[in-house]
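Each of the next two complexes has chain A plus one more chain, namely chain B in the first and chain C in the second.
Right after this comes the complex of A and B.
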C-alpha cells in the first residue's frame, strides 16, 4: 500500500528523478542491461496474451459491432450484420432519452460517492476514537455487509421496501399520524432513487471505512499531539493534518467508488424487479435493455462504447490528479 | 501504436469472417413432417418448457415423453425455464450450435423469433385439432403462408373473488360491469375499518388487464395500415376504456402502481382484497402455496383464503388470451423427432391432462368439453371465446420488453400524465418500435 505512505517517508527518495523502480543500493551489472529490452517483454507475454484474449478481443468485437446493425436474425443465423458506419452513434447521441440517462447516471454517481466517502471517512475517524473492542465489532459488522453479494443485498432491500409486505412501510406506519400502508417507494423517482442510493451507500461504506481506517493509522501521532499542544482544534487537525496525509488514499477510493457507482446495474435492476422504468434507467441498465431486452445488439454496443469513453474522461482526470498530488508533496 | 491497432483489426476481421462462414443458408428450409415413424434409438431430444409445466402439469409432460419414447426409442431431456430471463438465455443459446430441439415461448413472444428465422416450419395437418387451434395462439405462428409453431395451451383471464366477502354484502358474481363496480363499492365500504383493504387488487403495470378494458370499449392497441403499424391508444374509444380502468383502479385498488401481476395471487392470499383479475390457475395459487417455493415437489399449504374463492368471467371485458406455443428450432439436428414429441404433447390425451391442471386446451373444439370436465376453468373457457391478443407484429415483443405500456400505466395512475397524454406517448413509442427497420 504505497499510497498510504505519508509524504514524509517519500521525500528523501529523490522525487524529481526518473520513474523506474530502482532498488536502492543495488548496482546493476552492465551485461544485464543490454537484453533488458526483451526479457521484460518475454516475461509479460503470458499476461499480455491473457489480457488480449479476455479484454482486447471482446472490446474489439464490441467496437466492430457498434458499427454494424446486428439484430436477432443475424445472431441466430450467424450471418455478418450489415455495416452501417456511425448510424448507431448518431442514433444514440441524438436521442434525448439517452442524455437523460447519462445525466441521471452522473447525478447518481456524484451524490452516492459523496455520501459514501464522507460517511466512510466519518466512520473511519470514529473508529480511531472508540475502544479496541468496539472497533473490532465495527470491523466485523462491516465485513459482513461487505461480504454480502450485491444481488442478495438488493433483494433484501426490495423486500424491506415492498409496498404490500415491506417492513419499512410497517415501521413508518407505526409513527403516530402517518399512514404509510401500501406506500409505493418507486412512484416518486426521488424516493426510489433514495432507496437505491441508500443501498449502494450502505454496501459501499465498509470498504471505504476499513481502507480509510487503515490510512488513518499512518497519520503520525506526534504531529497530532504537537498540533493539540499548539492549540489546534480537532477540526483544524482534521483539515490541516489528517486530510492532506490521507489525500492520495481518498483520491484512490473515490475513483474506485466513482467507477463502481457509475456502472450501477444490479441494485437498480433488482429493486425494480428486472423491469426498470425509464426514470430508473442508468447507463448500464439502458445499454443492457437495448442490447439484450430488445435485441438491438449494435445499439447496445454503441452505448457501451460511449459509456467507456465517458468513463475514460473521468479516469484520466483522476489519474492526472493522483500524479499531481504525488509530485507536489 | 497505429500498426498494432491495424493488426488487431485484421485479426478481428479474420475471426469475424470465419464466424460468418459458419452457416449462411437462407433458402427456405423444408417443412418438418410429424407423420410416419421415426427411429430415434440412442438419441436424446432436448426440450425447453416454461416452469408452469413443471409446477402444474409435470405428469402430462412425463406421460407424453413416455409415449414418445415408446414410439421412437429416443429419450427426452426436459429443462424448465423461468419467465424472467428465458428470452435472454434463448438468444444466447440460439447463437451457438448446441440448441434445444423444442422450445416453448409465450404467444406474444413468438412473432419476433419466427421472423428472425429461429424456428422451422411445421405441417399443421399432422397435429390433432389443428383445424380449430385457437387463433390467438396460432396467429403468432403464421408467417408468409407457413406455420412455424404449434399451439400448446392457453389461459384466459377471469374475475377471481372472495365468496365470503361478497356474501357479507349480499352480492354474487357480477353479471355486468356496473354490477361489478357496485359490488366493489359495497365491499369497500364494508371493510372500511381495515386501511390496507382494497376491494380490487389491480397492480398498476398489469397491462394485460388495462388493455382488456381498452378492448371493452372497442379500442385497440395498434393496427396495421399498409406496411405500417399505427398505435391506436389515443383514439377516443381506447381512451374511454383506459379511463374506465384508471377510474376503477384509483377508486378500489390499494395495489402498488409500480408492480406487475406476477405476484398477485400471493399478495391476494394475504386477504386484503376481495377481487382480482387473473388466470384460472391463479385461483389455486392463491388458495394454496408450496411450502418451499424452490422445491416443485414440496407439499402444498393452505393460505388465509383457502376455500373462499370462486371465479367468473369478467363481465363486458374481453379476455386477453395468453398462452404458449411450441416451436422446433431451425438449428435442431433432429427436427423429425422434435415434431413427434410435440405431436404427442399436444394431442387430445395431453390436452385432457392440461385441462385437469386448470389450463385451457389449444383448440376451440376442446373448450366446451374442458368447461364441462373441469368446473374451475369453466369461466375461463367461456372467457376464451371472447378474447383478444396483442398485435401480431414482428417487433411486438420489443414493445413488451421496452415496458412501454407498463410505464404509461404507472404514469397515468400516479397522475404524472393524463390519460390522453399517456396514450399519446405510448402511441409514439409503439409506432417507433413496431416500424423500426
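Right after this comes the complex of A and C.
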C-alpha cells in the first residue's frame, strides 16, 4: 500500500477522509444542499449510459457466454445456448495450443514494450540535445507515423517485406554476398515475429517519444545545471534526476503500451493476410478465430476472459498506480 | 571572507575541466544528431516509399526498382482510387463519423471528467474507476456481444451505431486524462463564479472549458487519431444489408488489398494509403504547438 501511495501527495483525499464524515448520516439531503446534487449527476449521465450500454454490458454478456455453449446452431435459431459451467475454461486451460499462444503473446509483449519504451525514452532524451529545427522535424515525422492507422502501417510493412517485390529484400540483396531475392519472411517464425515486432515498435515509439519529450520539458533546468556543476555525469543526472521526475509518466505510457501490445491483433492479422498460421497466433487473434472462424463463440469468450484476467493479474499493481497518478490533486 | 576565497577555487577547477568537457559535449551532440537522423530515416522511409509508389503505375511497381522515380507524376492513381475503388465515398464516411463521434466524446467526456474531478459526492470514486477500468480491456473482447446488442437495437450497419460505439470506446481514456487535467486547474476562479451566482452549467461551459483548452485540444487530437485508425470496430458494426455504401476508409483499403491478389491495382492501394494520412496532416498543421505542449500537462505536474 505505502509503495502505491508514495508517488503523489494526495493524502488528504485518500481513504475518504472528509467524505467519511458525511457518509454515515443522511447523505442525500445534505448533498443536495451543498452541491445541488443533481447537476453533477446530470453531467455524468450521458457518458455513464454509453459506457454501461456499449462497453459494460458487452463485457458482462461475454462473461455469461463463456459459461454457455454457443454454437452456430444456437446463433441461427436464437435459442438460449445450454449452460455448461466451467467446461469451456477447463477445455481452454488444458489445451497445450492455448498455453503456447499465451507464452508467445507474453514474450512478444515483454520484448516489444521494452524496446519501445527504451527507444522512445532515448529518442526523447536525444531530442533535447539537438537544435529546435531538428526537433520540430522529428516531431512532425513521428506525428505522421503515430497517426497512421494500424491497418495502413501493417499494409505498408506487408508490402515492404513482400517476398517478390518487397523493398526490404531489395535492400538486403544489395549487400555484398547476400542473396535475399524472393526471401520469404514468414517461413521462419523468428523472422516473422521480428517483422511484427519491428512494425509494432516502429508504430509505437512516436507516441512514447513525443509524450516523454513533452514530459522532459517539465524537468527543471536549474536542477540539471546544478548537478553538472557538482560534477555529476550525464548518466548520474539521468538516473537520479530525470528518471525520478519522469517516473509517473513512464508508468502511464508503459502500462498503456503493455495493454495495447498484449491485445495485438490487426498487425498480425494483416501481415498474415487474415489467416495467421498457428505460430503467428496471439491471444487476440486466437480468441477471434475460435469464435468467428470456428463458430465456437463460447470458447472464444472464455479465451478472452482468461486473457483479461491474465493481464490484470500481472498488471494490476501498475494499472492501480496509473489510475492513482491520474487522480493527483 | 570565505565567500571571496571560494569563487577562484571553483573557477580554476572548472577552467581545468572545460576543454575536455566541451569536446565530450560536441561528440555527444554529434552522436545525437547521427542517431536522430538514422531514426528519422527509419521513421519517414516507409512513408516516403509509399508516397513514391502511389504515383507509379502498376507495372512500374513490379519493375523491381523501388526507389526509382515514377515515369511521370500524374494523379491518375488517385483519381482511380477516389472514384473507381470508391475510396472517395469511404473517405467522406470516415470524416463524417470521426467528426461527430469526436465531438460527442469531447462533450460527454469533459462533462463527466469535470464532475468527477471537481465535485465530491458518494460514489464519485466508484464511478471514476468504472470509467477508467474500460482502459484495461482490449477492444476485441467485446466484439461478439457488441454485435448482438447493436443488432437488437437495429443499429447494425448504421452510422448512429458506429458513432455511439466510438464514443463509448474513447470515453475511458478521455475521462482519465481530462479528470487529471481539471484537477490541476485553480479553484479560485470557479469559487469566485459561484459567489457571483453562476450556475453549474454556466461554470462548466464558460469558465472550466476555456481554462482547460490546452488539455481539451490535445485529447481531441488523440481521439481523432484513435477513431480515424479504427478498423476492427467498423468491420464488425458496418455489416449487414446496405452496409457496403457506408464502409469506412480503413475497410475500403482492406477491401482493395484482400479482394484481388496480384491482379489488383496496387498503385490504387498506395494512393489510398496516402489518402488516409492526408487529414492527419491538416490536423497537425493546425494544432502542432498544442499537441506538444498539452499532451502531458495534466499527467506530469
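Convention: the second predicted complex is superposed on the first by the 271 of 329 C-alpha atoms of A that agree within 3 Å, B and C clash if a C-alpha of one lies under 4 Å from a C-alpha of the other, contacts with A are read in each partner's own complex, and residues count from 1 in each chain.
Here is the rule we go by: contacts are C-beta pairs under 8 Å (C-beta built on N, C-alpha and C of every residue); 3 or more make two chains touch, one makes a residue touch a chain.
These figures come from a predicted structure and were not determined experimentally.
Applying the stated contact rule after C-alpha superposition, one finds that A:80 touches chain B and leaves chain C untouched. By the touch criterion defined above, A:274 lies against chain B and chain C together after alignment on the C-alpha atoms of chain A. Legend: residue contacts after superposition of the two complexes on their common chain; A:263 is shown touching chain C, with no touch to chain B.
Of the two partner chains placed around the shared chain by superposition, chain C is the only one that A:218 touches, whereas chain B remains out of contact. Of the two partner chains placed around the shared chain by superposition, chain C is the only one that A:152 touches, whereas chain B remains out of contact.
In the superposition on chain A, A:57 makes contact with both chain B and chain C.
Between chain B and chain C, the partner in contact with more residues of chain A is C. Legend: residue contacts after superposition of the two complexes on their common chain; A:167 is shown touching chain C, with no touch to chain B. By the touch criterion stated above, A:179 is placed in contact with chain B alone, chain C being left untouched. On chain A, the patch touched by chain B and the patch touched by chain C overlap at residues 56-57, 61, 165, 273-274, 292. For chain A in complex with chain C, the residues that touch the partner chain are 16, 18-19, 22-23, 27, 31, 35-37, 39-41, 43-44, 46-48, 50-51, 53-59, 61-62, 65, 122-123, 126-127, 129-130, 134, 137-152, 155-157, 159-160, 165, 167, 170, 202, 206, 210-211, 213-215, 218, 229, 234, 246, 248-249, 252, 256, 259, 262-263, 265-266, 270, 273-274, 284, 287-288, 291-292, 297, 300-301, 304-305, 307-308, 311-312, 315, 319, 323, 325-329.
Touching chain A in their complex are the following residues of chain B: 8-9, 12-13, 15-17, 19-20, 22-24, 26, 84-85, 88, 91, 94-95, 112-113, 115-118, 195-196, 198, 205, 254-260, 262, 267, 270, 272, 330-331, 398, 401-403, 406-407, 410, 414, 433.
Contact residues of chain A toward chain B in the complex are 56-57, 60-61, 64, 71-73, 75-80, 163-165, 179, 181-182, 184, 186-187, 272-275, 277-278, 289, 292-295.
Those residues of chain C that touch chain A in the shared complex are 14, 28-29, 32-33, 35-36, 39-40, 42-44, 46-47, 49-50, 53, 61-62, 64, 66-67, 107-109, 111-112, 114-116, 119-122, 125, 127-132, 134-146, 148-149, 164-165, 167-169, 171-172, 175-177, 179-180, 183-184, 199-201, 204, 225, 228-232, 250, 253-254, 257-258, 269, 273, 276-277, 280-281, 283-284, 288, 291-293, 295-297, 299-301.
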